[in-house]
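Dumping the structure here so I can ask a few things about it.
Chain lettering (A, B and C) follows the sequence in which the chains are written, and residue indices restart at 1 in each chain.
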Amino acid sequence: MGSKYPRSVRGCLPPWALMLQGALVLIFFFFTSYDTSSKDQKKLLGTYQVVQDLSVMAALGLGFLTSSLRRHGWSSVAFNLFLLAVGVQWAVLLDGFLNQPFHGKVSIKLSSLPPAAMSATSVLISAGAVLGKASLVQLLVMALVEVTAFSTLRMLDRRVLNMDNHVSMMHIHVFAAYFGLTVAWFLSKPLPEGVEEKEKMATSPSLFAMLGTLFLWIFWPSFNSALLDIPNERKLAVLNTYYALAVSTVIATSASAWTHPQGKINLTHIHNAVLAGGVAVGASCHLIPYPPLAMGLGLVAGLISVSGAVCLPVCLHRVLRIHDTSGVHYTFGLPGLLGGITYIVLMVLQASWASSPWVGFQVLNDAGALSLAVAMGLASGLLAGLVLNLKIWRAPHVAKFFDDQAFWEFPHLAAGF
Amino acid sequence: MGSKYPRSVRGCLPPWALMLQGALVLIFFFFTSYDTSSKDQKKLLGTYQVVQDLSVMAALGLGFLTSSLRRHGWSSVAFNLFLLAVGVQWAVLLDGFLNQPFHGKVSIKLSSLPPAAMSATSVLISAGAVLGKASLVQLLVMALVEVTAFSTLRMLDRRVLNMDNHVSMMHIHVFAAYFGLTVAWFLSKPLPEGVEEKEKMATSPSLFAMLGTLFLWIFWPSFNSALLDIPNERKLAVLNTYYALAVSTVIATSASAWTHPQGKINLTHIHNAVLAGGVAVGASCHLIPYPPLAMGLGLVAGLISVSGAVCLPVCLHRVLRIHDTSGVHYTFGLPGLLGGITYIVLMVLQASWASSPWVGFQVLNDAGALSLAVAMGLASGLLAGLVLNLKIWRAPHVAKFFDDQAFWEFPHLAAGF
Amino acid sequence: MGSKYPRSVRGCLPPWALMLQGALVLIFFFFTSYDTSSKDQKKLLGTYQVVQDLSVMAALGLGFLTSSLRRHGWSSVAFNLFLLAVGVQWAVLLDGFLNQPFHGKVSIKLSSLPPAAMSATSVLISAGAVLGKASLVQLLVMALVEVTAFSTLRMLDRRVLNMDNHVSMMHIHVFAAYFGLTVAWFLSKPLPEGVEEKEKMATSPSLFAMLGTLFLWIFWPSFNSALLDIPNERKLAVLNTYYALAVSTVIATSASAWTHPQGKINLTHIHNAVLAGGVAVGASCHLIPYPPLAMGLGLVAGLISVSGAVCLPVCLHRVLRIHDTSGVHYTFGLPGLLGGITYIVLMVLQASWASSPWVGFQVLNDAGALSLAVAMGLASGLLAGLVLNLKIWRAPHVAKFFDDQAFWEFPHLAAGF
């Protein structure tokens, strides 16, 4: 019975986090320096804008998107910020070590922040799948493993497969979704009677989650165009993302009503499926030359996402015993796969139009990169899952799953309310 | 009694919405193409910024502004996003067909998005008046009619009356308010006892609505300067809008306290009246050469808006039987009229200072444009109202007015809670 | 007993506010004009961006940050907007009179808005300390005194001490915190039994406050770089602020868990302490040449802020009888002091490396400026406190402290609920 009460994590989170932060400061001290070459004001403005938009998406968008668990809202938003803060620092270092020619010091520029913020975003996506089942220390360990794996994946994509920086980054959705699902598989335990009830009751879609969705919806064009340098590609990326999002919003709402016997809409579907268009169009948004192609992609992505939301939880939960707290699989995973496949098809078409002899090679290369992202997600998720099951992290007890009280001080409760 | 239960809308929303979205994709396929001419990075940045600001205002600002109905918050925010997504697509097409020289294909640029987003915003404004009394299918039909009417109005303004693009767009407030009120007139029905009570109880101003107000307040200078190209006019527009909004905030708060016997402030007044300055200064914000003029306009607009909020609902509701759910008339309609008249006066003064012989013509022209906006709003609202009263849209029963449960799936209710 | 009921403030707020607003319009009429010199589009875009970011921080960030008082959320957010609207107008005028060479007219540019918005922000910071204990009229008077004092401080810094504009502005945190604490000392009264309970119960950290924190966190780099013109300094300011904020987020979360016997985190600490890094790095963010220095500053600031949150309320409240509603002292005051001292140390090091003979003078000068900010905050806070205790402002009765009902009309209550 005693184990039902939350174990003290005082001896766990503070020392690990402080040690890690101290180590990060030291690594920055010995191995980094600011880039002192001059940059013109104009480019500075644009880059800073991108950094801000990505921060809004990561901290506000993904933070509130997952706040639907009624008794877990504090953890969703605050843990999200914590993971972002750690993830960005670690990603800046790794990107520097793995991608820059190393002359003793990693040079830190303003333009190192967007890719780092996006790498850290992969952690926030995966965290959606394990939310409510892991303590902050566990999430912290997961963040370190995931950022390392994702930076390695991008390095392999670039060096071995000669992938474009933008396309390689857009595999983030597939990678993060399968990483998250694998970790969730390790952490999913049969819930006791009361908790299952609690989890159902608690999953109340709310206006706060809608707020997160809207921030993501509005700033998604920034995400898809963040790593594109050529103005024309940026323009196409913005327009295609905009149209794909508009269509997937219409489709998600209608399809959600379609799946209900009385034609009622499910707000959780809206939270997730309106974003499917932005995910699906990601990899090829700078190439799609006609608006209806982007719109068609948004249409298919919306349908896939809502069908996934209706069918998958049952299959996954019953058959594979994976509990995907906030639907990461159908929000990011499936539309991401669709986007990856679309990119391959587009490249093949482009190559065959140019009657290039390299078509076969191109297909293999691109398909290899997509498979590598999935495989890397599964493999590193496996590793993270194994590590997270160690006793030293003092995981929360199953009875305390999906409950803010395990982690947060409620002042009034102490006073006897 | 059976009719009290919500009718299934499964056979209604999904087929209509999917058909419409399919048709839109096809029209885009046959009649549009991306503009492939090069654009410099700098202008791209500015235009994208405007697109984002308008999205924030439309999706977040207007979405949450109308979320005051306590049991209708989900519908307010999610329907708003749906209407925006449909409206923008339709407005881009119409703007292309009506305004561009037509060479078989409408050319789609990044700069086609701001006017389209603003046209779609007219739907969101009008929707505020009928909120809680119409189903999503009805709102969808309304959106199509309204965007068509507003695009036609702008085309007439430009071709027949030689109006400036910016000024013609600023008639949006007047047009949308009178359109919405006319439609609300058709949909307003005497409420049964219980529902009237429910509506009163439900109208609880909330922090979410305040959030919407703040987003609109902060980004309103972007709205007023979105269509201005000359840097100096943009600058004036931003400054004048900023000052007008500041003054109307002070005035709205004080005037609201003044109208209450004990000096208490009404939060609903704040939600609406702080924005009156931005609306009133819209048409002439690029011309006003002295800050106090903009401030005076904000002062008068704030007073009008609060007086409207205190007096109008009673008159409108009792005499004309129009139920204006979220006060569109005094938030957008009256300050918009004030703005339109101010613009005419300014033009007359400017013309008479230049001792131009065309003063009389100018007055007629400008007054004609304003009247046209009102007339067009009333006429197309009449049309939309008639169409919306058709049985095929399966309007919600009066007993289900102002209730999210008519449209949304509540997971816990199904489970027996 | 009668005095327990809220006194009518109808005869108080509206006339004062309307008179003041009328006076401001008149002063603008006689003493200001728009700057008509041309500006290029590029700079316009950048400046407008800064204005918007500052508005987001002031209206949304600081507005919601202080919305933790459960029964005082409306007042927190709406009073905040009112004070911002008044403060900006007054600050633009004062900045013009005190800083521009006066040729009969103050010239108003777009670039006058950022410093004015920042001066007005000082009022919003101080208001956090007296929130729930002052009526809107009292806050209005406080705003006028504080903006005047702060503008005078900046003028003295510039003319007498030859301080940089940016550094002088960054004393805002220290100034505003000590101003607010002094005013709070005048307004703090021993609470009756019931109210003390109410205040404790009411202080429930919420997702809305978290929303405010996140807005501040995301846009803080804009605040710290708003007054810097040299691109390289801007870049350093953005990067250093970003890293300092990231570190203080990690530290604040861990330190908060450390201070609780069971390792639970306090959400109020998160609300405040994650921002400490941004405050501490403010004065020297454009000078710090190595990332770890900024990170170390964020680390120390996070620790100080959490320790302050744990220890100070007890000391301040018991010994000095100062009730600091939303922890202004440890959110802005202490990290601001740390930042001021860091700046002095950095300047000394720089001067001694250049083996300048003026080291001693430099130290005296910089230390003088910091002390002046504290002294000015205390002195003008004393003045404001004395004025606010006058009977004519009809302060709310102690029994109505921390209660929205004293100021706001609740429609349902009128109807008998």
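As a convention for this text, a contact is a pair of C-beta atoms (placed from the backbone, for glycine too) under 8 Å apart; a residue touches a chain by one contact, two chains touch by 3 or more.
What you are looking at is a predicted structure, and each value in this text was computed from that prediction instead of being measured.
Under the touch definition stated at the top, chain A and chain B share these contacting partners: C. For the touching copies chain A and chain C, the fraction of interface residue numbers used by both falls below half; the interface is of the different-residue type.
Least-squares overlay of CA atoms from chain B onto chain C yields a rotation of 120° to the nearest 5.
Remark: chain A and chain C have CA centroids separated by 35 Å (rounded to whole angstrom). Contact of a single residue of chain C with at least two other chains is seen at positions 42, 45, 49, 211. The part of chain B that touches chain C in the complex is made up of residues 42, 45-46, 49, 53, 200-201, 203-205, 207, 210-211, 214-215, 217-219, 221-222, 231-232, 234-236, 238-239, 242-243, 245-247, 249-251, 253-255, 257-258, 260-267, 270, 274, 289-292, 295-296, 299.
For chain C in complex with chain B, the residues that touch the partner chain are 6, 8-14, 17-18, 20-21, 24-26, 28-29, 32-34, 36, 38-42, 44-45, 48-49, 51-52, 55-56, 59-60, 63-64, 67, 73-74, 77-78, 81-82, 84-86, 88-89, 108, 110, 113, 136, 208, 211, 407-409, 411-412, 415, 417.
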